[in-house]
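Some structures are shown below for you to check.
Heads up, the next two complexes both have subunit A, just with different partners, subunit B and then subunit C.
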Partner chain A sequence: MTDYSKIQLKLPHLFFFTCASATALIALFFVGFLVYTALPVFQSQGIINFITGTEWNYSKEVYGIGTFIYGTALVTIVTLFIAVPLSLFTAIFLAEYASENVARKVRPMIELLVGIPSVIYGIFGLYVLENIYQDYVNHFLSSTLGFLPLFENVNPNTGSGVLLASTVLSIMILPTVTAISEDSLRSVSRHYREASFAMGATHWETIRRVVLPVASKGILAAITLGTMRAMGETMAIVMLLGTSQRMPSSLLETGYAMTSKILTDIGFYVADEGPRSALFGIAVVLFAIEMVFVGIARSLGGRK
Partner chain B sequence: MFKKIFNDEAGVSPIVATLVLVVVAIAGAAAVGTILGSFSGDVSEQASAGDAAGSASMELVIAGSSTVQPVSELLAEAYMDKNPGVKVTVQGGGSGAGITGAKMGYVDIGAASKDVDTVNDYPELQKFTIGGSGVVVIVNDNSGGLTGAVVTAANLSDIYTAANGDGTAGLTVTGGYLTESAAATNYTIFDRADKSGTEETFAKFITGGAEKSIDAIASGVDGGEGNQGVLEKVQDTPDSLGFVDYGFADGASGVTILNLEHDGTSYDVNGDGDTIILETLQGTQDYPLKRPLNYLTNGNPSSLQKSFIDFALSPGSKDIYHETGYYAAVEFM
Partner chain C sequence: MSFKLTECMMSKKKFNSRNVTCMIFEGISYVAATITVLILILIIGKIAIEAIPSLTPYFLLTPESKTKGFGGGIANAVVGTFLIATISTMLATPFAVGTAIYLKKYSKDGFLVRSFSFMIDVLAGTPSIVLGIFGLMFLVFYTGFFTGGFSLMTGSIALSILILPVIERAAEEALDTVPSDIEEASYALGANKWETISKVTIPYALSGIITGIILSAGRAAGESAVVILTAGYSQFLPEFKVASSEKLVFGIKVYPFQDLVGTLPINIYHAYQFPNLVSPSEGFAAAFVLIVIVMVINVVTRLIVWRHRIG
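== the complex of A and B ==
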């Protein structure tokens, strides 16, 4: 073999390797860019103050994102409360009960939800659900469960708030959680099921005692991925959660999420070093939280 | 070690792989350096907007204030009709984006709906005031009772401070003035969700010039995106109060413009907003919530930038401003 053809043989390898390195570098570049821009705010506020502080004031140059972290966390938790049971039961139905024919018809419907742009979800929430929540849902909740501060109808003139935002977010993460959960339910070995049936267990007992525990890692990974999508969502949240910087104690109150703060302020403050750095600081914190979840999802998702 | 990376006997030799890695790393580092450098504005002097527009491509990019955007769009349309060889692109992004864009040279003309200090803060920018307008306070008075109320900066400051807790404030009329009272009917109070020249003008007014943002005194109130967003929030929420540009409030259904009192003078903006704002811009009245609409260029404008700005300033363009509810600079300068 001549040297020339040797190089020719190596060329594709080289090409793909370069592409792969470039992709990896882009990721590194992003991290570097985020941290570089955000560094001044961590130096001036201190990381602990920045994360726990609740005052955000451009003229005093005090930046604390506690309120935004609280807003994001509350919306995410409520979203999970709504979405997880719904998508889990859907996944169980598709994997265990539905005939192949039915599953083939239902599954595309759920997957269709992935393709809808988030701004459309926002508009749907704002123009359709908001009025329903304002006139019916919030009234109903506050009149039946109003003795709990969680369901106090602080402002009866608006439907926006944590509950509305979470409802729409649940619809958004539904397909992700359902699809991955269904996958892990299906991948449970047939032998386990047959062993369970052989011992006289009913279908439901088999699902509850055998299939779900075996698939639990995959389901947890699905929930983690859904959580990440919910936390990172921006457009629909700005429209539905509102932009009031306070810690809502009721689910019917408005709040402010981390992503919303970046979106609403970056355009105006991009010229000023301090505020820009503070806004990038939010992004760094959000990124760090998401990284933790990526870690969790990866360790759970790894097949035994 | 490299064997491990490729996991394959026929893989790239370690030397070649190392070379590629070095090249990619250097290219990456150079890219990082350049982009970070331009982001911090170091290279902005080299790439002036004038050079960009002066080159063979007859293209003009205008970006910034969402208040100025509608008028820029109409101006661009009319300008392109008259000058078929030129392509004018208009983008939003907020006044801050307009200032940065012009400063760093990635837009040809930046737009800002607030006063820009080109002497101290941004010496590299040139400012052209193309028009003016005013901000007004609007209410959705569903339960009635606020009819004929007048507000002052102090009233508004009280109202926004009271709304900091849960986004609402009790409003009533005391001695003709709109005042905050915990016992009165609760009104939802709105501000702007995005940071804007409109909010800055309003915040400076109610805090006596101390603050540029409502967040400083009432971060707990909810907001709408853009003038249109706030208007829709107020229209959609029975019993609510907010502020928008007069151009958006004038003739809008379901909202009432509140009259304003400042320094002992009462301004009947509800009945006669057009005259008050125009005469304020001309200097014969003193409505406190006026603000200029500015175009910004980096250094002296190129011939193309100049031609567009001249077009924006020409008396023939006056109707375009009126269409969007603003006033052209020719009417008051």
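== the complex of A and C ==
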């Protein structure tokens, strides 16, 4: 009898411990395998050269991913410029202004945007937005703001480029940022608001000076998660940013992102040790950046 | 509360700069929300309109292998998408739920829990392309004699690593909602730990856990970067048979598991990759079908949550 109940206690514990260990082992093996495969390129190029170098040449065996890091960083920053204001104000609308009835109808619609797979955003951008950008948006921007190098229309024959990719990415990260920001806005105590109203503050003053500062940690965590999603996106970026190996100086120019370099080239070079380890090197750098962002998001307390 | 663009004015009835600022930002919030909703309607509407010309019963029910060239039918991809989403979810669920129960109910060591949880966060944040090349290298090339190279099995294993953290997080959240009162009541009645977990905790959290599982199946169905590097693509309907093969372990190839499989995201990608062979409309039609599948999955999830609330 005692033996039986002992087994009954020990066995599930052992089983669940095995599950957790297996998960941890998979994660560790995954990271170890990436680093191991990428090791030759770090040894031959040196980590600093690999990250800062801008030349990528298979025949010369020179691998520098500066161009791709620049492409990814530029697209991510422009994406945040578009997505953050839009999703923050949408979150403020849902948490502060909308009646419960309206919010209950709008929220599932925004959640629906999360469910749309990234490849669909890709062809939507390619076949719908690209023409609009080529014919109208890029023309308009270069004719009004063209004196800035940032808005120079380098290639009027295409709508692809940083701005198009960022527009589509910002639609993709919008629901994530909105939902988590709204949660943190809602979690602000009612007493703070009432105290602010009692001091004679208007609704906006209350939001600006009381609600937003209190919710700022959660909002920053939301933005961090959105950034991670934008950086890691592959399919839409390949279709919309283009694959031209230079650093775009204008937002209307095409470029090359880290993720798209991996996707476009891995198929050709998977059996070649040198190029393969270079491509895995990109993956390791990308992974390292994501890990830093995970650390930031966790320290902000926004776990999701 | 009805539509109230002038809330700031109503409260003070004074036209000063503070109230105007208040009004302006209220207006901006309304505009932002309207834009967000319009974007959604625009995307779904445009895809549906573009898809309609290609969306015929023939297109839906014919595998691509029976049509001329590329993009004429998607039956193979619909079946493949269901297979890969189901199998990867089934593979990931035991590990994910087991890990969540261990972390929430058994583990006492703070450091261990924190490092486990950090690892799961890192896994959740992994860009899909990174997981894709891992699958390509390790599952397709190094262990290809077992998984069959590019195959349904390879794709499912890679996808299961992708959705494992999603299910794990959902399960943890579901376990958090279980009130400690009823667990304590169970202990007070003399139940031991396993009896409490299996008869009280899990039944209470079950609907939340199932919600997470189904949602992650939707995620697996829509994933493309991983699938293109691990499952490949096949124009043929998956078939159930065993054939001999010298390359694979035991000398047999088990269909459909060790065979290439076609999925909808890859069909959509073909519209970009081979613009001369696949028309945009066919790409949009495949996209529309994929959106419908994901939406049905979401609605089912909502129904489960709703039923749980009522019950």
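Going forward, the second predicted complex is superposed on the first by the 300 of 304 C-alpha atoms of A that agree within 3 Å, B and C clash if a C-alpha of one lies under 4 Å from a C-alpha of the other, contacts with A are read in each partner's own complex, and residues count from 1 in each chain.
By our rule, contacts are C-beta pairs under 8 Å (C-beta built on N, C-alpha and C of every residue); 3 or more make two chains touch, one makes a residue touch a chain.
Just so we're clear, the structure is a prediction, and the values are computed from it rather than from any experiment.
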Going by the contact rule set out at the top, does A:59 touch subunit B (first), subunit C (second), both, or neither? first
Under the stated touch criterion, which partner chain does A:160 make contact with: subunit B (first), subunit C (second), both, or neither? first
Comparing subunit B and subunit C in the superposed model, the one touching more of subunit A is C
Does subunit B (first) or subunit C (second) touch A:272, or do both, or does neither? first
Between subunit B (first) and subunit C (second), which does A:22 come into contact with in this model arrangement: first, second, both, or neither? both
Considering only the touch criterion stated at the top, classify A:254 as touching first (subunit B), second (subunit C), both, or neither. first
Which of subunit B and subunit C A:9 touches, first, second, both or neither: both
Looking at the overlay, what does A:242 touch: subunit B (first), subunit C (second), both, or neither? first
With both complexes superposed on chain A, which partner does A:85 reach: first (subunit B), second (subunit C), both or neither? second
Just checking: does A:37 make contact with subunit B only, subunit C only, both, or neither of them? Give me first, second, both or neither. both
Hey, what residues of subunit A end up touching subunit B and subunit C alike? 9, 13, 17-18, 22, 28, 33, 37, 238-239, 267, 270
Okay, in this complex, where on subunit A does subunit C touch? 5, 8-9, 11-13, 15-20, 22-24, 26-28, 30-31, 33-34, 37, 85-90, 92-94, 96-99, 106, 108-113, 115-124, 126-128, 171, 174, 178, 202-205, 207-208, 228, 231-235, 238-239, 259, 262-263, 266-267, 270, 276, 279-280, 283, 286-287, 290-291, 293-294, 297-298, 303-304
Can you check the complex and tell me which residues of subunit B touch subunit A? 6, 10-13, 16-17, 20-21, 24-25, 28, 31-32, 35-36, 39, 92-97, 99-100, 103, 164-168, 186, 188, 193-196, 210-213, 215-216, 219-223, 225, 237-240
Subunit A partner, complex, touching residues on subunit C are 1-2, 4, 7-8, 11-12, 18-19, 21-22, 25-26, 28-33, 35-37, 39-40, 43-44, 46-47, 50, 94-99, 101-103, 105-107, 116, 118-123, 125-134, 136-138, 141, 161, 164, 168-169, 192-195, 197-198, 218, 221-225, 228-229, 265, 268-269, 271-272, 280, 283-284, 287, 290-291, 294-295, 297-298, 302
Mind listing the subunit A positions that touch subunit B in their complex? 9-10, 13-14, 17-18, 21-22, 25, 28-29, 32-33, 36-37, 56-60, 154-155, 157-158, 160, 238-239, 242-246, 253-254, 260, 264-265, 267-272
